[in-house]
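What follows is a set of structures to go through.
Each of the next two complexes has chain A plus one other chain: chain B in the first, chain C in the second.
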Partner chain A sequence: MASIAARRLGKELKEIHSEGCPVGINLVKADDFETWWFTIEVMGESEYKGEVYTLQFRFDGQYPISSPAVQFVITDGRQAPIHPHVYSNGHICASILGNEWSPVLSVTAVCVTLQSMLASCKKKERPADNDRYVRHAPDNPKKTQFHYDDDTV
Partner chain B sequence: MSQSGNTADVNQATAPEEHSLKDDLKDLQFSEVYDLNQRTIEDTYADGPLIQDVAPLSLLRSEYEANDNHVFVKEIDWLINNGYHDFRRVKGDGDCFYRAIGFAFFTRLIQNPDKDLAVVTTLSTLMATANLLEETGIEKLVYEDFYTEMEALIRWVVVPREGKSILTIDGLLEYFRDPEGSNVVVVYLRLVTASYIKAHVEDFENFLFHPETRELMSVPDYCNRVMGLGKEADHVEIMALCDAFRWNVEVAYLGGHSKDAINFVKIPDAPYPGFDPVFLLYRPGHYDILLK
Partner chain C sequence: MSAPRVPTVDDLRVKLCYICREEEPNESGTQRTWTHPCKCTLIAHESCLLEWIRSAQGNSTRAENALKCPQCGTQYEMMSHKSKVLVFLSLGDRVLQRAGGVFTLAATAAVMGVMGSGIYITLTAYGAWAVKNFLGKEVFDLMLTDDPSNWPWTAFINLPIIPLSLITSRIFPANKSAFPTIVPILSIWPGAHVAPQRLHHEPWHTQKPPPPPYSSYSPSLFTWPPSPMIFGIFVAPILRIMYKRVLHRFAYWLLGANLSEFKRRSRFGVQLNEGPFMIRIRANIQDENGNEIQEGGNEGGGRRRGGDEVPQDPNAANLAAAERLVDINALSIGRRIGGALLIPYISHIMGSLLFRISKRSLVLRHVLGIKHYRRFVLGLQPTLNAFTYGSGDGGGSGEPSLGNLKYWRWLAKAVTGIWWGGARRWAELDPVWWRNIIGLGLFVVAKDCLYLLHLWHTKREIETRKVRNRDFSGVDIKELDLKPGFLSESPMELGLINPGDVLVKRALR
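Showing the complex of A and B:
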């Protein structure tokens, strides 16, 4: 019996291939059930008009029971968007990736939520504790206990 | 977190009558009882398996006696004297209610004198729960793996599965102790609970309180919380889940509310035919399985 993660990710991938990604989201690579990459772009008028970012998803064998580890890719000239909930190392402080994760969410649902998080941004700035966080941040953002003090994300 | 219930939770679940000044004085004492209880639960659950072996209730009694917690000792004595001799500890990880009731229900299924009929009945109820999920907007992609596994687990009670003989209590225990196994059950039960609340808004909307802040929550917010792992269940979730699965549950509430007898809350009021009730042991913020 394939793990529940492999079965579910297999279906999500099939759906992405047959129906495509939501507007502004594109699959870059999904060669296995461990790491997937997407590009993400905010459509219409926003602080991020014309900017394209890369999102990385990492899955463990308990996905979708446990949340994926999601972050912006910052290698090979790629950058994390400047946003009050996005650290310069690519880590994202969003409750749906932490204590509000539920198996009802999917990879594309996370992409769309992050897309609207960017779209609703009024002022491009890093989180206040960016430098301190980035200096000590674990490799896996799931190991960080973020405090979600802003429900508008 | 499982140990975050408070006195208000218990009052709401067990004492529907008016709250008087006299009760307030009692509550002061109760909060002390509560603190002691939390420490006892935390001390004894730290690294145990998700579901432990059957243990005599006298063991729990001795733990409370060692802590000088006479309220609980008296209540446990009552349970023992009334035929409830054993219990199984369930890990306090916020999923204890779902894991406990899931395990207890499958135990009843295995013990059912007419297993074949019980399995067929349960499979048709399961199918109805999938319709419920569908009707409340849960995508098939989201629930079908959990559904398929629940179906396979139920069938396993009467037919061998993947070279393994039919499910015994020991086999069930092994399955539930593996997080990959019992979390599937926990997730499915959580999805069904949330969908049942959504489908019966008028029955529940006035009772959807945030467990910590006690503020009334919107139906979508409350249901999102129910669907996430590690979020404790309150009376609302128990009623919704039991109605959706047609399960009979009797919960023994410990914690100093009853003078003589233990206050068993029966859910639903009029039991569904065909299945003996499962018993749960509730101490503020935590559920274990109670056995006769």
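Showing the complex of A and C:
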């Protein structure tokens, strides 16, 4: 029996293939139900105009009960966007990836949320505690307990 | 006669679970229960929803969103069998948790207050208090006395270590009971020292007790109670292992699945999330399966990969959820430290209780090794023979008269006796420590039983859960994909209702 996670991811993938991704988001690779890669680009006028970033989703067997581990890819010349909620190691401090995750969200919904998080940024800067965090950060961003304090940026 | 009928989840043409995204056409007669728990269009399999709630509730940061619809924010209504015992136990847990929070605040304030100058004094004072409680006043007066100037220099090292080791034993719990750690600490070290001042000041000490001929004290291998040293080094660890086994068996019998504590033992780390504090101490320690243990978060993932034996067993899943629910209130650092520091006092209370009961029971008196029962009642002086023992004045005349063989035999017995029965002075004293240890043991057992009881009731609560299924009142009917039958059954053809808002209403049979 295919697990709930695999069946749900299969459906999401089918939808992506049949209906396409939202504007500015493209599927790069989804060969299995463990790791998917997307490119993400902010459309229209923004601080990130013309910049393309790569997002990595990692799923565990409890998806969608447990949230996917989402981060920007920083290998092979790729960079994490400079944003007050994005650490230079690609980890993202966003409540929907943590305590506000809900199974009603989907992979594309997460992409769109992150896209709008970038779009609404006024000033390109790293989080204040970037260096300290990056030094001690676990490999999996889900193991970090972020303190979500600032919804304005 | 004709009440408007509102469509329910059963009137949908195709059901789509918002959690697993499985679709189910209405005609297909599957048995899975569907529920519409909120006021918007989201519906779900009841089992999916319950799993989501269970998982979210087990994580303190997500718990507040567990019973809320992610789309319309409606609170889900849960129905379950919640026994009075469970309500009581949960309340007790929350009270303790709150007390732990208060303790954190108070302790932080206290630490700040004595920072620099007084930490050492505080720790030492606590150590002395712990010894007094745990070993009894008699021993305390002999070993230390209330006047620190009488203390041996070792006391100034050992005493402040006591609170520290108690605390570390709880923050990094290799196991849940603090029982084994306290035994060596409190029992071994004072064994050799007697506060010198005391002997001269006690009035009864002036009338020197006759030096005992060494034959009168015949150390044997089997004195009761055993010496603190033997108990701490050998008996306690064995007892602990056996106890864990028994507890494990009992838990399995009671709950029908293994406690996860036994599967992934090393759960290091503390989360402090009380009031103004947000501290997280965590060691990235790998458990036996090589997964990093993490507080909450993707514990589910860890469990999946780690415990492959029972991922689908609903019994085990419910138990794991129950454990997380119960533990979520037991994680506060204040509660842990406060609990650890109270151990000597708890021992003291339990020991006193046992002592009281032993007045009625000869058997218990023997078990507890209360020999000088009358002395406490009549207020007689303690026997201090012990302290002149081996001082030389007893030996001078007696030794040569004995045969060499006899002498060596006596010596051998004495040496083993010190190991088993403790130094003579230990054997002579009222073994307060012994009844305190037994009392503490009973306390630990009672606490574990209470924990299992709580777990059992929580598990049953989880097993009986149902989410209240609402109808679609308040939802715009046009957003719903209703099965064709629903429309034809509606009283439109009766002409009673304006066809515009008809769809919602239907005469009840």
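One rule holds for everything that comes next: the second predicted complex is superposed on the first by the 151 of 153 C-alpha atoms of A that agree within 3 Å, B and C clash if a C-alpha of one lies under 4 Å from a C-alpha of the other, contacts with A are read in each partner's own complex, and residues count from 1 in each chain.
We adopt the following convention: a residue touches a chain if its C-beta (ideal position, glycine included) is under 8 Å from a C-beta of that chain, and two chains touch if they have at least 3 such contacts.
These numbers come from a predicted model, not from an experiment.
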{"item": "When chain B and chain C are modelled together on chain A, clash or fit", "value": "clash"}
{"item": "Partner chain(s) touched by A:135 [first = chain B, second = chain C, both, neither]", "value": "neither"}
{"item": "First (chain B), second (chain C), both or neither touched by A:7", "value": "both"}
{"item": "Partner contacting more residues of chain A (chain B vs chain C)", "value": "C"}
{"item": "Which of chain B and chain C A:123 touches, first, second, both or neither", "value": "neither"}
{"item": "First (chain B), second (chain C), both or neither touched by A:99", "value": "both"}
{"item": "First, second, both or neither for A:143, with chain B first and chain C second", "value": "second"}
{"item": "Clash-bearing segment of chain C relative to chain B, given 164-172, 236-244 or 308-316", "value": "308-316"}
{"item": "Doubly contacted residues of chain A, that is, touched by chain B and again by chain C", "value": "4, 7-8, 11-12, 61-62, 64-66, 99-104"}
{"item": "Residues of chain C touching chain A in the complex", "value": "18-22, 42, 48, 51-52, 55, 59, 61-62, 65, 70-71, 271, 278, 280, 284, 292, 294-295, 297-298, 300-301, 304-305, 311"}
{"item": "Complex contacts: residues of chain B adjacent to chain A", "value": "138-139, 141-142, 145-146, 149, 162, 179-180, 183-184, 187, 191, 224-225, 227-229"}
{"item": "List of chain A residues in touch with chain C within their complex", "value": "4, 7-8, 11-12, 60-62, 64-67, 69, 98-105, 138, 140, 142-143, 145, 147"}
{"item": "Residues of chain A defined as touching chain B within the complex", "value": "1, 3-4, 7-8, 11-12, 15, 61-62, 64-66, 99-104, 106"}
